[in-house]
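Across the two complexes that follow, subunit A remains constant while its partner is subunit B and subsequently subunit C.
Let's turn to the complex of A and B:
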């Protein structure tokens, strides 16, 4: 028996799981298919983290540094898991990289393969994402905010009016994604503050169904955006984004006012939600992990065990198990590390 | 920015005009204490007595001002600002907003600007304003006239015909007058006049009802002069 834990995915949840494993004194193989660690916050160029707005690179570097260079950590960048044989505690896992493949022996696994952002042009074109240059996603906006220059892609000029459309790809029976993606309200509000910070005279409106500002996000983000930056939050979903002449027009109802709206906008930002990543679905298949009804990796403890999959020795952390914010992902990473190590220890002690 | 609503009103009024009045409200020193952010939850409407009887919503005031929607602000300033009873039940707000307090400031701005809608709204109150500002009492027996209290039914007509008799029939000391609710001393009136003048209240009246202003100034001038004060030179009053 190898006595090793494999963590698949080098994002926030995977990094925290790897750190937990090595801090508990076990050997960890950390597999990441990209060429760098940090997961979506780094690969998707998040400007700052929600809710405390710490610089993403700085924050993630701290996580990465806690793992890289540790003698118990065997980090495999640019590697994918392509085959799994056997069962815990004697998995034989095939790692594939550009330089070839290798079979490694491991005892337990933490799957932390994350999510992908909803593609707003996939199911419907009502928001004109692929049609209009000035219709963006939260992810596109992050890239611009990270660069420190927030301008209309069509003109290169600073926008005077910007709106966010919430719940794009979430809470929608029409497209089959019935879940709330949990983070988009906070991220959109964070971006709204960042935009107002760069462009104080820009009018920023968030069109929403419900604002879900859990815990401390309430006053740290939502109140702050309203009271200090006068970001407008209007309850009412945009039905379509159209163009009138050169102007983008969003249509909707202000439901608390009970009045119909037609608002010209310089930029529209679609708050795209989460879906299980391709890696998450691939790992589910290879490790024979059942999916829960929304298509994420199933856990079997309900709210009391957020990381245990129905397959012995296989644990899940972060958004591979469903939409999660950073706090939840990190907490799950730690819990999964603990259980993955405890799984090995139980066998070692029994033997 | 243009109005966001398809059914926006006052679209013929220039944005700059609306913004001027909006900024006047926003720059009032009380404003930051009256408004933070609005959940649009409606607890203020639930608590509001006016909202039960009129198409009036303190929430709409709070949310419009919190959003800094200048166009909707102008609609409220003209069409709804006088529907509030200023009871401040709306201070039950979980964000510690005070929609009634916002309305207080908006009314002052409307009056100071001499907005036609403010003049129209206050026209019915000119008799009361006259009584309050000239005597310090609000309702006196001679105000009980059928024209002004139609909701009292036929009784008010009967009462108004014999006000003097009714007044004499009341046991406590009432000075047997129908022009005052109670005895107001000359000293009190003198102090009131100084307050109206010095606080700018008299000028506010001038903005909305010039006729009433002229009557009031005449009444005040007379008493002030008797006591050696010049209504147009208030430095001498302040020195005293």
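Let's turn to the complex of A and C:
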């Protein structure tokens, strides 16, 4: 028996799981298909983290540094898991990289393969994401905010009016995504503040169904944006984005006024939600992990055990198990590390 | 009913276009309903005013609307104001600026602390500076500035109610000096016919209790609290200076007031300007302390079904709910019943925050007066007498009894009048 834990995915949940495993004194193989660690916050160029708005690179570097260089950590960048043989505690996992493939022996696994951002052009074109240059996603906006220059893609000029459209690809039976993605309200509000930082005179509106500002996000982000930065929140979701001449207009209803709206916007930012990533679905198949009804990796134990999958020795952390914010992903990473190591320890002690 | 402007149709009752009379229903036009722009300039103008910042904190939970007394008879409340501001309303010139009675019920339930008691005076002050003030209110403000009372009566006439009364009352404007109780009579008790009834009752009760009291007489001026809430901070400051000087001139152990608005002013707002604390009590609080003595003095029974209207400025603003009830319940023979909306949840009479002098304007935007709504409630719970303890209210509710065709069904009396009726005045 190898006595090793494999963590698949080098994002926040995977990094925290790897850190946990090595801090508990076990060997960890950290597999990341990309060429760098940090997961979505890094690969999708998040400017700052929600909710505390710390610079993403600084914050993620701290996590990465706690794993890289540790003698118990075997980090495999540019590697994918392509085959799994056997069962815990004697999995034989095939790792594939540009330089070839290798079979490694492991005892337990933490799947932390994350999510992907909803593609707002996939099911419906009602927001014109692929039609209009000035219709962006939260992710596109992050990139611009990170660069420090927030301008209309169509003109290269600073926008005078920007709106966020919440719940794009979430809470939607027609699309098939019936879940709330949990973070978009906070992320949009954070971006709204960042836009106001860069462009204090820009009118920033968030159109929403209900603002889901869990816990401390309520006053740290939502109240702050409204009270200090004068971001305007208007209840009623934009139904479609269309054009009047050269101008983009958003249509919907201001529900607090019971009044239809057809308002020109310089930029529209779609608050796209989460979906299971391709890696998550691939790992589910290889490890024979059942999916829960929304298509994420199933856990057993309900709300009281967030990381145990129905398969012995396989644990899940972060958004591979469903929409989660950073706090929850990190907490799950730690919990999964603990259980993955405990799984090995139980066998070692019994033998 | 007040509707949002864009929802309203424009209908000219008398329209003459190019010399042709086109009056009639068929010239009705609808204003387009679509919002085509969110212009936050006017919202920001309000938010920029010192004191009015909190209007920008509303997150539309709408708890305020559930308790806003004006919304019961129209369409109003902080949440709606905020929404309209987001939709570009110019509050500085809009009738909505004058509809709030500052009853404090919205702030009681507001999780975000949106404070109409600060927002309204701040915005109104600016509106007044720009010359946008309802005529009826302007008249009242001028009266107070010129004569020291909203009615525009002379200072000399302030003491006329005393002269028609065969009771010893020390007039401190003539005999200044130390006194145990300085009784601040207030405008409506001094000048209004029904207020005068109550003032005379108060003087008799004080004398029977053996209180050493005095009044400021012609040197008393309006306390200024409602004027402050109307946005006249300058006028308020003048009144504070005057009344404060009068209080200083006549050293007293207690300052007993007839009017909850005066109570609020002396307790909470005079100190902000003068740095003084005032030993102020509402008369119901003062008399509640003498309840044992009063009980022994009661010789008559008051066999009526009564209910009590909590004044906003005694109750919600200052937390006093018990003193008036202590007095009412001590009256022999009385059958007391609460209205549905009482104490913290009490309904507003419509007189606060300038409402007393805005019946014309509010009438155009509401289905009925708040006082009319309240009178119906009093009758609904089976009361024969609506008992009050705020000088604004006897006149407001008596008018409402008439306008709702309830004359004979409901009487309106100040607590002090009932006490006066029930104690032995032959002594």
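Convention: the second predicted complex is superposed on the first by the 351 of 351 C-alpha atoms of A that agree within 3 Å, B and C clash if a C-alpha of one lies under 4 Å from a C-alpha of the other, contacts with A are read in each partner's own complex, and residues count from 1 in each chain.
We adopt the following convention: a contact is a pair of C-beta atoms (placed from the backbone, for glycine too) under 8 Å apart; a residue touches a chain by one contact, two chains touch by 3 or more.
Quantities reported herein were computed from a predicted structural model and do not represent experimental measurements.
K.L.:
Would you check which partner chain A:155 touches, where first means subunit B only, second means subunit C only, and both and neither mean what they say?
P.N.:
After superposing on A, A:155 lies clear of both subunit B and subunit C.
K.L.:
By the touch definition at the top of the document, which applies to A:82: first (subunit B), second (subunit C), both, or neither?
P.N.:
In the superposition, A:82 contacts neither subunit B nor subunit C.
K.L.:
Counting only touches as set out at the top, which of subunit B and subunit C does A:348 meet: first, second, both, neither?
P.N.:
So A:348 meets neither subunit B nor subunit C here.
K.L.:
If we overlay the two complexes on their shared chain A, which of subunit B and subunit C does A:239 touch? Say first, second, both or neither.
P.N.:
In the superposition, A:239 contacts neither subunit B nor subunit C.
K.L.:
Once the shared chain is lined up, is A:147 touching subunit B (first), subunit C (second), both, or neither of them?
P.N.:
neither
K.L.:
Do subunit B and subunit C touch any of the same residues on subunit A, and if so, which?
P.N.:
The answer is residues 161, 203, 205, 222-223, 226-227, 230, 232, 234-235, 254, 256-257, 259-264 of subunit A.
K.L.:
Enumerate the contact residues on subunit A facing subunit C in the complex.
P.N.:
Where subunit A meets subunit C, its residues are 161, 203, 205, 211, 222-223, 226-227, 230, 232-235, 254, 256-257, 259-264.
K.L.:
Report the residues of subunit A in contact with subunit B in the complex, numbered from low to high.
P.N.:
Those in contact with subunit B are residues 160-161, 203, 205, 222-223, 226-227, 230, 232, 234-235, 254, 256-257, 259-264.
K.L.:
Show which residues of subunit C lie in contact with subunit A when the two form their complex.
P.N.:
4, 6-7, 33-38, 40, 43-44, 47, 56-57, 59-60, 79, 83-84, 86-87, 112
K.L.:
For subunit B, which residues count as touching subunit A in their complex?
P.N.:
1-2, 4-7, 36-38, 40, 42, 59-60, 63, 66-69, 72, 95
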